[in-house]
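Below, chain A partners chain B and then partners chain C, in two separate complexes.
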Partner chain A sequence: MPQIFHSSANTIAKASIFGVVFLVGAIAWVAGSVQRSPYVTGQGEVRDQPVPFSHEHHVRGLGIDCRYCHTSVESSSFAGLPPTQTCMTCHSQIWTNAQILEPVRQSFATGKPLRWNRVHNLPNFVYFNHSIHIAKGVGCATCHGQVDRMPLMWQHASLQMNWCLQCHRDPEKFLRPRSEVFNMNWQPPTPEHPDVAHGNATSQLELGKYLVKEYGVRKDQITNCSVCHR
Partner chain B sequence: MAGEQKIRRTADMLPPVVAPQYTVGSVSDKISEIVLTKKTPRPWYFGVALTMVISLMLFNAIGYLLLKGVGIWGVDVPVAWGFAIVNFVWWIGIGHAGTLISAILLLLKQEWRTSINRFAEAMTLFAVACAGMFPLLHLGRPWVFYWLFPYPDTMGLWPQWRSPLVWDVFAVSTYATVSLLFWYVGLIPDLATLRDKAQNGIAKVVYGIMSLGWRGSAIHWHRYEIAYLLLGGLATPLVVSVHSIVGMDFAGGIVPGWHSTIFPPYFVAGAIFSGFAMVATLTIPLRKWYGLEGIITIRHLDNMGKIMLATGLIVAYGYAMEVFIGYYSDNTYEWFMTTNRMFGPYAWAYWMLIFCNIITPITLWSRKVRTTPIVLFVISIIINIGMWMERYVIVITSLHRDFLPSSWGMYAGTQWDWMTYLGTLGFFALCLILFIRVLPMISMFEMRQLVSQYREDAGTSAQVALQED
Partner chain C sequence: MRQGTIVPVDINPTRPLRRRLGGAAVALSLALVMAMAGCRRNPDMAEQPKYQPYQPSEFFADGSSARPIVEGTVSRDEHRVGTLLYTGMIDGKLADVFPFPITAADMRRGQERYNIYCSVCHGRLGDGQGMVVQRGFKQPPSYHEKRLIEAPVGHFYDVITHGYGGMYSYAARINSEDRWRIAAYIRALQLSQNAKTADVPADVLQNMRSNQK
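Presenting the complex of A and B:
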């Protein structure tokens, strides 16, 4: 009776055992990496806007406070986008003929708001509120990055749930004093520069622990599903 | 001495495990020819066509469910667990006979298991496949079922270990894996036999790959026996653990009628009860159609009848205890649940289950009943129905009236519930029909062992068998 298989079949059989394990592992690894990549999350991606608004110029260069435009950030779930009138407080006087600002003038003339493209978009099944985060000492830059270094706006974080949870589980690693929330250049205290006003904290962790207590952050509650998924 | 003689005489009176005309060679030929024959029997095509149509109905029902959501089923508050859980428990229970036969009866050296273990293991696999569909479909968003596994996800979450759903995932996936391994390892020497006997070139290659280079050398057999025993040991706790966990899915809830410590053992007994009923339902017609009466003998039917009787009595004890504890607990809700089951709107289901699971199996005390195939077949079908009714009663009557009369309600399966349930029956049958055509439904090498043992026991020279081989 002739052999059905060539003797190389033995090697192929052995290799296939390793191959299957390797393949399954590789597929899982690739799937996991793609899911975390900016391709899926949009992290670091610059969105096109009707007017190339530069946060770097307005915040760092001119020193305009966040709340000058995002007026409702302290009192509402939505930080607020400025109406065209806010832009025109300055741009009715300066750069009045700049080509780049034509859509702004158009909007002002017709009363039709500018349609900005949303950069930070959370899914609809997530309830997010800006005001509570501001009130508990989460800095703007903690989630949005150093906006004053962004000529065009991009999404700083992945916005995936584990990113939310790393702060909800350990808020003390991220909190800062309320007075520093809008400060783009705030640095956590160090042994050389302790935070005298907040328990003489010499590190982020010490400061965070102090603030969690001070601001009444309920660590046992903020990881409940229904805090965000209502 | 007298006692010993008496035992021997009873043993001689038992019908044989394999008909005396079979030899080591002819038993392999008989079983392998069903697979290797070129002439597929006409009824086989008919069976495939019929079960495929029913399977299509299942896929249709699943497709519509994915489009519309679980709202197409009859589940609603207060009965939020309906057909899906009833069917899940029923199918998982059926699978247990296969594991019991392959693992526990192997370790206990019950040689009669040899004729039915392969078939029963296949039945287990297909039953688990059917069972697994229901909790998945009940998830609402089945496409994210993998959230139930602990893996490094982007949500930063682990599964909720307190949820019975997660227990099920681990119990059932372990069960399916071990059952598949056991079945496959048991197949390897037979696949090699098929490879050697096959005339068709493609069949040779396919069986050749599947037999993993089995040559039947002494060292192969030595390792094989060890591996098979180890797997048997691994599968043994699963007979008890899987359905215990299914029982605890219920016992973990505080609903009267579920919150009971008797559930795990009573569920295990019920599982084996229904599993053997299903094995009987399937083997009785099969042995007739394929002329296997000499391999699956009256002795097997008799033994299966005895196991059904024993486990049926344990189940009956379970029912009696539920009623007794309902009374003895002196708890308003427990007692209400008990009387509501017996005399409430679902009383018909309760009494049907009593008839199917207690009254009918009592007839199995009679040897005549156990050894008459057609009667045993009818009884096994009644038990299958009864065990489905049991889960229906447990799930629906407990939920439909619990603590607050203001939240009482009624439940009935919709046409989609029925299409899904009946569809899995068709899918199960389709898998079995395909299985018996492409793989040996009885373990050939174990039958050869059995036949040669019998030859020696009977005093006939083993050489006869060898020469014939």
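Presenting the complex of A and C:
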């Protein structure tokens, strides 16, 4: 009987054993990457809105404080979105004929709220709270990025558990003085510009360590599952 | 050429082996894909049948799950209606006293709130030259006008609470205590624009001078 397989089949058979291991690894890797990719997390995706509201114009251009519109961010879990009346404090007199503001005037006239499309949305099984982060010196920009450079809002961070935890494990890498939480352009101290008011810190790490102590951040507790999954 | 690793005559044993290997590979990757699918978040947990703040709702006519507060509702914090703290008035006339002593901490809070809510129009100095005014909003009067310097503090409380002409009410965003603190800070602004060196305490003055150098 003639040989059906050429002897090189040996090598193929062996290679395919390794091949399978490799393939499984590759599938796992692709799966992992897809899970973490912006495609799944929505990171960096610009969301269209009923009115093209620009944080760049209102925050950087006009210098309006976040709290003028996101009133409850210091005191509650929810940052709050501005009611139409807040827009109208200015737009009753500014850009009163602009077509893009028609939905705002419509909403003010009828009392039917504007429907903003949510940009950030954690799954319901995660508990998040703004006020504690603001009180302990986590800047808006640390989580939301340079909002004052966003003509339309997008999600800056992945909002995955891993992202929350990299800070909950080492908060000192991120904390800033409370007074700078709303500052979009804050820079950590350097040896040339030490933070005199906060222990003469000359780096983010030094400042962070000082603030963890000063603000009583419960470093040993905030990695517990029940903090975020209640 | 190497020979002899595969039994040369009867190849049947290798065939099923290869098929089994291939099958195993397919099964393994299928299992992985299925495991991943199993790991996919349970949609009922991620989107639970409850309203989150401001979530839309088809149930109510205005399309919002958040219900507007009934007209005339009094906040539990503000139930002491009729007192100076909540009306800014004494016996129906705008008061010229504060309902509580203003401390340095109150003043700092007033400054912070003023810069958030008022400075966009009235300017950080209270001169009515805020950024929004520079873009075409009606210019408010300067706080340093004689009329407003002479106005009782209750007037500032009243304007924040009820609005004034082209200015909307800020009552929904600023609580009563903070309104008084802002009024106190406006008083400080008014003083600051007409202050003389002699008004500054000696130690503060020294500090200012050394900072200037």
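What we mean here is this: the second predicted complex is superposed on the first by the 223 of 230 C-alpha atoms of A that agree within 3 Å, B and C clash if a C-alpha of one lies under 4 Å from a C-alpha of the other, contacts with A are read in each partner's own complex, and residues count from 1 in each chain.
Rule of thumb we're sticking to: a residue touches a chain if its C-beta (ideal position, glycine included) is under 8 Å from a C-beta of that chain, and two chains touch if they have at least 3 such contacts.
Source: prediction; values computed, not measured.
Visitor: Does the superposition put A:Gln166 against chain B (first), chain C (second), both, or neither?
Guide: First partner only, chain B.
Visitor: Under the stated touch criterion, which partner chain does A:Ala109 make contact with: chain B (first), chain C (second), both, or neither?
Guide: In the superposition, A:Ala109 touches no partner, neither chain B nor chain C.
Visitor: Have a look at where A:Arg36 lands relative to chain B and chain C in the superposition and call it first, second, both or neither.
Guide: After superposing on A, A:Arg36 lies in contact with chain B but is clear of chain C.
Visitor: Using the superposition on chain A described above, determine whether A:Ala197 touches chain B (first), chain C (second), both, or neither.
Guide: A:Ala197: touches no partner chain.
Visitor: More residues of chain A in touch with chain C or with chain B?
Guide: It is C that touches the greater number of chain A residues.
Visitor: Touch check for A:Phe78: first (chain B), second (chain C), both, or neither?
Guide: A:Phe78: touches chain C, not chain B.
Visitor: If we overlay the two complexes on their shared chain A, which of chain B and chain C does A:Ile4 touch? Say first, second, both or neither.
Guide: The answer is both, since A:Ile4 touches chain B and chain C.
Visitor: Going by the contact definition given at the top, which residues of chain A touch chain B in one complex and chain C in the other?
Guide: In chain A, residues 4-5, 9-10, 13 are touched by chain B and also by chain C.
Visitor: Quick one: which bits of chain A touch chain B in the complex? Just the residue numbers, please.
Guide: It is residues 4-5, 9-10, 13, 32, 35-36, 158, 160-166 of chain A that touch chain B.
Visitor: Could you pull out which chain A residues touch chain C in their complex?
Guide: It is residues 1, 3-5, 7, 9-10, 13, 16-17, 19-20, 23-24, 27-28, 31, 62-65, 67-68, 71, 78, 80-81, 83, 85-86, 88-90, 92-94, 111-113, 115, 123-125 of chain A that touch chain C.
Visitor: Under the stated contact criterion, what part of chain C meets chain A in this complex?
Guide: Touch list, chain C to chain A: 1-3, 5-6, 8-9, 11, 14, 17-18, 21-22, 24-25, 28-29, 32-33, 36, 41, 45-48, 50, 52-54, 56, 62-64, 66, 68, 115-117, 120, 131-132, 135-138, 166-168, 172-173.
Visitor: Can you name the residues of chain B that touch chain A in the complex?
Guide: 152-157, 195, 204-205, 208, 212-213
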